[in-house]
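Provided herewith is a single structure, encoded as structure tokens, for subsequent inquiry.
For reference, chains read A, B and C in written order, and residue numbers begin at 1 within each chain.
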Amino acid sequence: MNASRFFPLGLALLLILSIANLVFGAVSLSLEQVWQGLSVGSEQHFTVYEYRLPRIFLAILVGAGLALSGALVQGVIRNPLASPDVLGVSHGAGLAAVFYMTYFAGASTDWLPEVALAGGLVAALILWWLCGAQSSAIKLAITGVALAAFWASCIDFLMLTKPLEINNALLWLTGSLWGRGWTQLQALLPWFLLVPVALGLSKYLNLLDLGDDSATSLGVSPQVLRLVSLAIAVALTAACVSICGPIGFLGLVAPHLTRKLVGGRHQALLPATMLTGACLLLAADLAARTIDPPIELPAGILTAIIGAPYFLWLLLRMK
Amino acid sequence: MNTPIKSLSLGILLCMGLVLLSWWNLFAWSVVPVTGLDVWHAVTAFDSQVIAQRIVIDLRLPRLLTALLVGAALAAAGTIMQGLTRNPLAAPSVLGVNAGAALGMALVSTLPAFYGAFSTSIAAMLGGGLAWLLVMLLGSAWRMGGNDQGRLVLAGVAISALCAALTKAVVIMEEDQAAGVMTWLAGSLADARWQSWSTFWPVALVGLIGALLLTPALNLLQLGEDNARNLGINLLRSKLLGSLLVLILVGATISTVGSIGFVGLIVPHIARLLMGQDFRLFLPVAMLLGAGLVTLADTLSRAITYPMETPAGAILALIGAPFFIYLVRKRTL
Amino acid sequence: MSLSAHQLSVGYHGQAIVKDMDLTLPDGRFIALLGPNGCGKSTLLKCFARILPAMSGEARWQGQNLHAYPSKQLSKELALLPQTQPIPEGIKVQDLVAYGRSPYTGFWGKLSQQDHQIVEQMMQQTGTYELKDKLVSELSGGQRQRVWLAMVLAQDTPYLLLDEPTTYMDINHQVELMHQLQRLNKQGKTIITVLHDINQAARYCDHLVVMKEGELKHQGSPDEVLTSAMLKEVFSLNAQIHRDPVAGTPMCVVED
């Protein structure tokens, strides 16, 4: 499949999934009810407009953001096992956010994305410091996974020692889109100004695929490019994590899947990855809400159930 | 440290340390004041009228014994796994056995279809066994050594992540039983009583004795599979036996106190540092050290948020992950 | 236009491998950098390709400090084919060759009509045109090397730097490549290549630069440079110089 066929198909799938997300849930609505629900005063207005619609937008944004981060990271460090969640950035951001919520219980949640960003950056720096630039793919991935486990155990520890503040944090941490609405969407949106910047790097990311030496001779500074791309990836991940909590494996799976479909040119790969990520998260959230209604599973659990075997498969395939 | 006298004196030293630690564990950080002397009286001349002594005997003692045995069992399991895979990063929690066992228990205790089908400890063993089997199959698809040690660990991590996600899904979907499952996922000794002890110790003891009997085979396995075969080791049998022992040890501990990680990773390394490479020497030391580590974590679990309790598993995870990173860092993968 | 070194030292981790070198490379020639392992020939090439910075002194391009020269402009004038290349995933041959045009394209990397023409022409020149829709990761080693050469040629630079291009190639591919480079040189491209094989250098190149322990020992035409005395001095080798029976160029034959 090439890019010219991928995008129409992907967009169609996105639309279908969005509509399915509007229709299905704890109560299933007819298309007509959904349509009426969009206008104020209708019986279904709350369900459709206040509950399901913002959630769809969030799923699209978060899915796209995490997938784009994953593609940037994989492109820049040329490691098929890398993604922000495998490298522990997501959980680092998560730890910072939980810390903020438990120790500054009264503080405004408006700052959550920035706090998460700081946590994500620190996590990335620690990984860098532990591994250096010359680590093998496997070693980087293991260290990242171990760090992720460490951040996760710190989160557990915080929550277990501060049981009173747990509710707030727990709700947030599960990698779920439950209960998020227009406010969270507003908080997330400005961070997506980074997306055009990332897309603008496409041409240069292509050259990085040729190796540092060739990239240099083609007029690109690999170090600067790497730094900028990783910073964007960390920022986008942290912004998404600060809204939904760590959603595992999405940033790993979406870029791989997309590379198979549209190839490795970043001009096509980056936007296509965002589309794939959005579709995956929408599908995961749809499944999470409809497997056993009215109980909702966190979407992050479903992405992990798909993503972990995929990771295994990647490992098996790697030379 | 290879002469018998040195080994012996080290062993005695460790045992004495363990006894002191145990004594401390029995009285420290109790909501109802208990003193070290109460412990002494409770053990030597028990008077059921004294509250402090009753606390020691009814609550603290089973908890302590469980902690000791759990530590020994996990340390033994970790040592066996590191020996079988010849991978210094191997441990039940790293290679997915813990998560698999947890999933098995979660399925049995929440899904109606499985109610009463097995006891929880059998379910834990089956779940852990399945995960371990998967990791081992993947591992033998690659040839052990260098790069593939890292792969095995990543495979374990992925299987752990999968099992953990499934466990969470099951727990959330069957909320009625969820509370119980959640507390034990964190791995706490707070609920260890004489009743659970009575079912735990026979199984764990069998596993520990089996582990000690397996040590000569483990020693030979370190020479590489071909050499071990030449030296008359039945590879398949030792591997199956070792795996079975791991499952018995881990299954029994997990169904008793929940998922406690990293003991199996850390302790064998320290024991090896003290005693050298001979499994016959360092496995017993690893057991003693594991017992000490879990007892210490349990004592701390009462101290950190006194008067409330923090699960010992959470404390061990905090120590364990950095140690794991340290191990990864000093090796080329 | 020329490439030169002035009191240039280059190295790794503060350790100079090329030491205080003064060297001017002539325009329009097919130049080989020769010398024993560790003599600094690849290091020098990497400095000219601005992969390594100068530790002291400077490398000059058209009389200006090469490392201060505008990067984009330089990438239209100097191209490098590294010794080993990664195998990018999901990239087609024509995409890879088109990456060579990136110094000329806008920020989105869209190819103009002229870019397309050059890409196609270079693929034809290197015999990779029929591979254009294949993935680079599916090619054989020899094919891949040709595709990379096409990419570097698409960069359309008057100077071309190559780091041991024949090292991992079968002999037939080596000959093919050297012929190709010779043709390019005839078309007016200056070619600077690190080579291992002295006879290969003497046969195809018209200017040899010999280094030892980070210093320039000899440079000039093969006839001037390739002598028994030089081989003794630089490689500690007893050898006779004979004429190549086919090309008439000098070649060394090692004595016992």
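Everything below uses one rule, namely that contacts are C-beta pairs under 8 Å (C-beta built on N, C-alpha and C of every residue); 3 or more make two chains touch, one makes a residue touch a chain.
Every value quoted in this text rests on a predicted model; they were computed, and no experiment measured them.
Q: Using only Cα atoms to place each chain's centre, name the chain farthest from chain A.
A: Farthest by centroid: C.
Q: Which chain, with its centre taken as the mean C-alpha position, is closest to the global C-alpha centre?
A: Given all protein C-alpha atoms shown, the central chain works out to be A.
Q: Using mean CA coordinates as chain centres, what's the gap between chain A and chain C in Å?
A: 43
Q: With centres defined as the mean C-alpha position, give me the chain A-chain B separation in Å.
A: Spacing between the chain centres: roughly 35 Å.
Q: Rounded to the nearest whole Å, what is the centre-to-centre distance of chain B and chain C, using the mean of the C-alpha atoms as each centre?
A: 60
Q: Taking the complex as given, what residues does chain A use to touch chain B?
A: Answer in residue numbers: 81, 130, 136, 138-139, 141-143, 145-147, 149-150, 153-154, 156-157, 160-161, 163, 248-249, 291-292, 295, 297-298, 300-302, 304-305, 307-309, 311-312, 315-316, 318.
Q: Mind listing the chain B positions that touch chain A in their complex?
A: Touch list, chain B to chain A: 89, 138, 141, 147, 150-151, 153-155, 157-159, 161-162, 164-166, 168-169, 172-173, 175, 186, 304-305, 308, 310-311, 314-315, 317-318, 320-322, 324-325, 328-329, 332-333.
Q: Flag every residue of chain A that touches chain C in the complex, lowest number first.
A: Going by the criterion above, the answer is residues 78, 80, 200, 202-203, 206-207, 209-214, 216-221, 259-260, 262-265, 267, 269.
Q: Of all residues in chain C, which touch chain A in the complex?
A: Chain C reaches chain A through residues 46, 49-51, 71-72, 74-75, 78-82, 84-86, 88-92, 95-96, 99-100, 102-103, 105, 107-109, 151, 155, 161.
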